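Shared between the two complexes below is subunit A, which has subunit B as its partner in the first and subunit C in the second.
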Partner chain A sequence: MANILLNVLIAFLVGSVLFGLQRKIMARIQMRPGPPVIQHLLHTFKFFVKESSFPKTAAMPFYIAITAMLCVIWVSAVIVGPVTQGSLLLIFAIYALHKIVEHNAGSSSGSPYGKLSCVRAVFSAAAEVPLFAVLIIIYFKTGTMDLSQIISFQTANGPLIYSIPLAAAMFFVLILSKAPYSPFAITKGKDIISGYETEHFGLLRGYLMMSESIAWYMLLWVFLTVFIGGLNPLLYLLGMVTLSTIVAFINATTPILNPNHSIMMQVSFAIIGVVGSLILLL
Partner chain B sequence: MDITILGQQLLGYIPLGDIVLYLAPLNLFMFASTLAFTTIIAISKTETQVEADFGTLKDKEVKVDQKEFKIRRFLAIVCGLATAGAMITGDLFNFILFVCLIGIVNIGIVAAVKQVDVLDAAFQYGLVAMIAVLPLFGGAAMILASAGTISLLEIVNIPTTFMMLFGSLLLFIGVAGETGVAPFYATKAEMFRTPGSPFLLIIHLSSLLVIVRVIEILLIINKPF
Partner chain C sequence: MSETIYLLYILSFVLGSILGLVLSYKKYNAPYALGNIDVLALISAVIGWFMAINSGLVPFIEPYITITIGVFLLSVVLGMRPGYGRSETFIGIIIAGIIWIIRTVIL
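Let's look at the complex of A and B:
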């Protein structure tokens, strides 16, 4: 239990600071001073102590339950990943549930901005889930979906990023799509205010932000674990900072794509990834 | 129990005649999540959708009336139970029957809506779902013909043949059509414009979890290189 709590706490703190780091790097590229690196963390804490209010148009108790569900599923991901090193397929299922919650957090409030974000979440699931499915290539390469066995395989045969680089690239596109301000972040585009988070205030927003931080940490952890192998905590941190920095450079220099273009690009990446990786394996 | 599926230790199985349910961590997680979401849906009200009124500065509120609410909630619960069944069944034929039931109730959930655009999307999705039945059952039949069984606990030990690979491909096309995911998602996404958030959740939930499950099944059928 202490191990789970410690890992969840690390995931939340590291994920929050990495988000802050991203905003700082993006700001400096755009010749702005930018917020402090701990800004995302401060925002999250701030929402936990602010007054909570609920729209009278919201679907109760669904509107509240959905934010709690988001937290629960990402805490589950920490248990399956860093704590027990369980099944990669289980993390895939957790990611699918994340898409469902993202979609319904938007539609449950009755807000038109949330609704648009909801429809975009359905569109983006059609592209992001195939991207995550690229991890299936790992099964064909290693013969297992168990994270501890995948780490052992890499210890014996070298990092998978060298043998299935396209799968790694596709997974990186998925990570990119989950970063705020990324070209694929259509569910939280500024044209729809804050997307599915628009009508969530106070404690509920705090839960959403906490879940996002854990989700970011987990996606980076999965990338490093399945493509590079089991690392020590310092190398994990270094890897996460490097990936977040690359993402920040991309986000700072590219606009958000329109939903159709975003989906088509991601689907194209997924097709190239699957076909290319299969050819490399054969 | 010493059966391992995709690196997961099987925790147990429940034989109910020819319906065999198996319990592995992935399947149990998805089963429990589906039941949790279905319970939330069963006890939730629907949201009031606020839309801009064209030509004025006023908003209009779109609500789900009580009669529509009741039938949609019933269908959403049926969809949740079918999805839960699809998550833990160890029988390929039962899996595709559950997927067909999910397709039918998904159309039903939005068919009660009185919005032309949404009904049009539901009609188009219905056409795709009906067409997808052929590869869905055809794929399962080919796997049965080549493996001699549709029990996943047996198929996991049978070497992959070309016909099993071809059957898997058809099965995947069938499931993609039946659940309305890529490349058939365009019409389905339009269905989500209607109010009734809790009921829409189950449509999305069933689609994505069935896709995760079918990937697990395809990996059981098709062994690594």
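Let's look at the complex of A and C:
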């Protein structure tokens, strides 16, 4: 239990600071001073002490339950990942649930922005789930879906990023789609205010932001563990900072794509990644 | 145990950043400091980066305590309001980096 709490706390704090770092780097690239690195964390704390109000159009109790669900699924991801090093398939299931929660958070508020985001969440799932086909390639290469065995495989045979680089690129595109301000972040595009979060205020928004920080940490953790291997905490941190910096560079220099283009681009990456990796494996 | 220490460093960074932000907003009203170096911030950055990177040079204290204090001091400067603390952080990294290179590569 203590180990779970410890890892969840680390995931939340590191995820929040990495989001802040991302915004800072983006700002510097765009010649702005940018917010402090801990801005995302401060925002999250701020929402926990703000007044919580509920729209008349909200579908209760779903509107409230959905925030708890998002938190629960990403805490589960921490348990499956860093705590127990369980199955990669469970991480995939959690990611699929995340898409459903995004969809339902948008639809439960009754806001038109939330509803648009809800539609986009389903739309983007059509592209992001194929990107998770990366799991098949990992299975073909290592013969297992178990994170601890994938780490052992890499200890014996070297990091997977060298042997299946296209699969790593696919997973990176998936990570990119979850970053705020990314070209693929259509569910939270600024054209629909804050997307599915628009009508979640106060405490509920705090929970959503906390879950997103944990989700960001977990996606980076899975990438580093699956494609580079089991690292010590400092190397994990360095790897996460590096990945977040690369993502920040991409986000700062690219506009958000139109939903159709975003999906087509992600699907194209998925096809190139799967077919290319299979050819490389043969 | 290593994860607990890792958490300690992160908490130290977060608390240091918050303190740096609050103090710098109290101390400075202008949105930007061009060319001025805050001596206190410089001392904090130099000591902080030195302790965080070169904890092995402080033999009478456990390394994790040295690093925690170092991370706290460096994050106080790193977390200052936007536009402040950058030169001080840069100087701190350079000095600590030179000492690290001397002790690990040259000696």
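Methods note: the second predicted complex is superposed on the first by the 282 of 282 C-alpha atoms of A that agree within 3 Å, B and C clash if a C-alpha of one lies under 4 Å from a C-alpha of the other, contacts with A are read in each partner's own complex, and residues count from 1 in each chain.
In this text, a contact is a pair of C-beta atoms (placed from the backbone, for glycine too) under 8 Å apart; a residue touches a chain by one contact, two chains touch by 3 or more.
Every value quoted in this text rests on a predicted model; they were computed, and no experiment measured them.
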Following the superposition defined at the top, how do subunit B and subunit C come out on subunit A, clash or fit? fit
Under the superposition described above, what is the C-alpha centre angle at subunit A formed with subunit B and subunit C, rounded in steps of 10 degrees? 160
Would you mind checking which one, subunit B or subunit C, touches more residues on subunit A? B
Just subunit B (first), just subunit C (second), both, or neither: which does A:S52 touch? neither
Of the two partner chains, subunit B (first) and subunit C (second), which one does A:V17 touch, if any: first, second, both, or neither? second
Between subunit B and subunit C, whom does A:S108 touch in the aligned arrangement: first, second, both, or neither? first
Mind working out whether A:F92 is in touch with subunit B, subunit C, both or neither, as first, second, both or neither? first
Using the superposition on chain A described above, determine whether A:M60 touches subunit B (first), subunit C (second), both, or neither. first
Scan A:S76 for contacts with subunit B and subunit C and give back first, second, both or neither. first
For A:F140, is the partner it touches subunit B (first), subunit C (second), both, or none of the two (neither)? first
If you've got the overlay open, could you tell me the nearest Cα approach between subunit B and subunit C in whole angstrom? 26
For subunit A, which residues lie in the overlap of the subunit B contacts and the subunit C contacts? none
Residues on subunit A engaged by subunit B in the complex (per definition of touch): 56-63, 65-66, 69, 73, 76, 86-87, 89-90, 92-94, 96-97, 99-100, 103-104, 107-112, 115, 118-119, 122-123, 125-127, 129-130, 133, 136, 139-146, 149, 267, 281-282
Given the complex with subunit A, which residues does subunit C contribute to the contact? 2-4, 6-7, 10-11, 13-14, 17-18, 21, 31-32, 78-83
Help me check something: in the complex, which residues belonging to subunit A touch subunit C? 3, 6-7, 9-10, 13-14, 17, 33-38, 41-42, 232-234, 237
Touch list for subunit B against partner subunit A, complex: 6-8, 25-26, 29-30, 33, 36-37, 40-41, 43-52, 61, 181-183, 185, 188-190, 192-193, 195, 197-198, 200-201, 204-205, 208-209, 211-212, 215-216, 219, 224-225
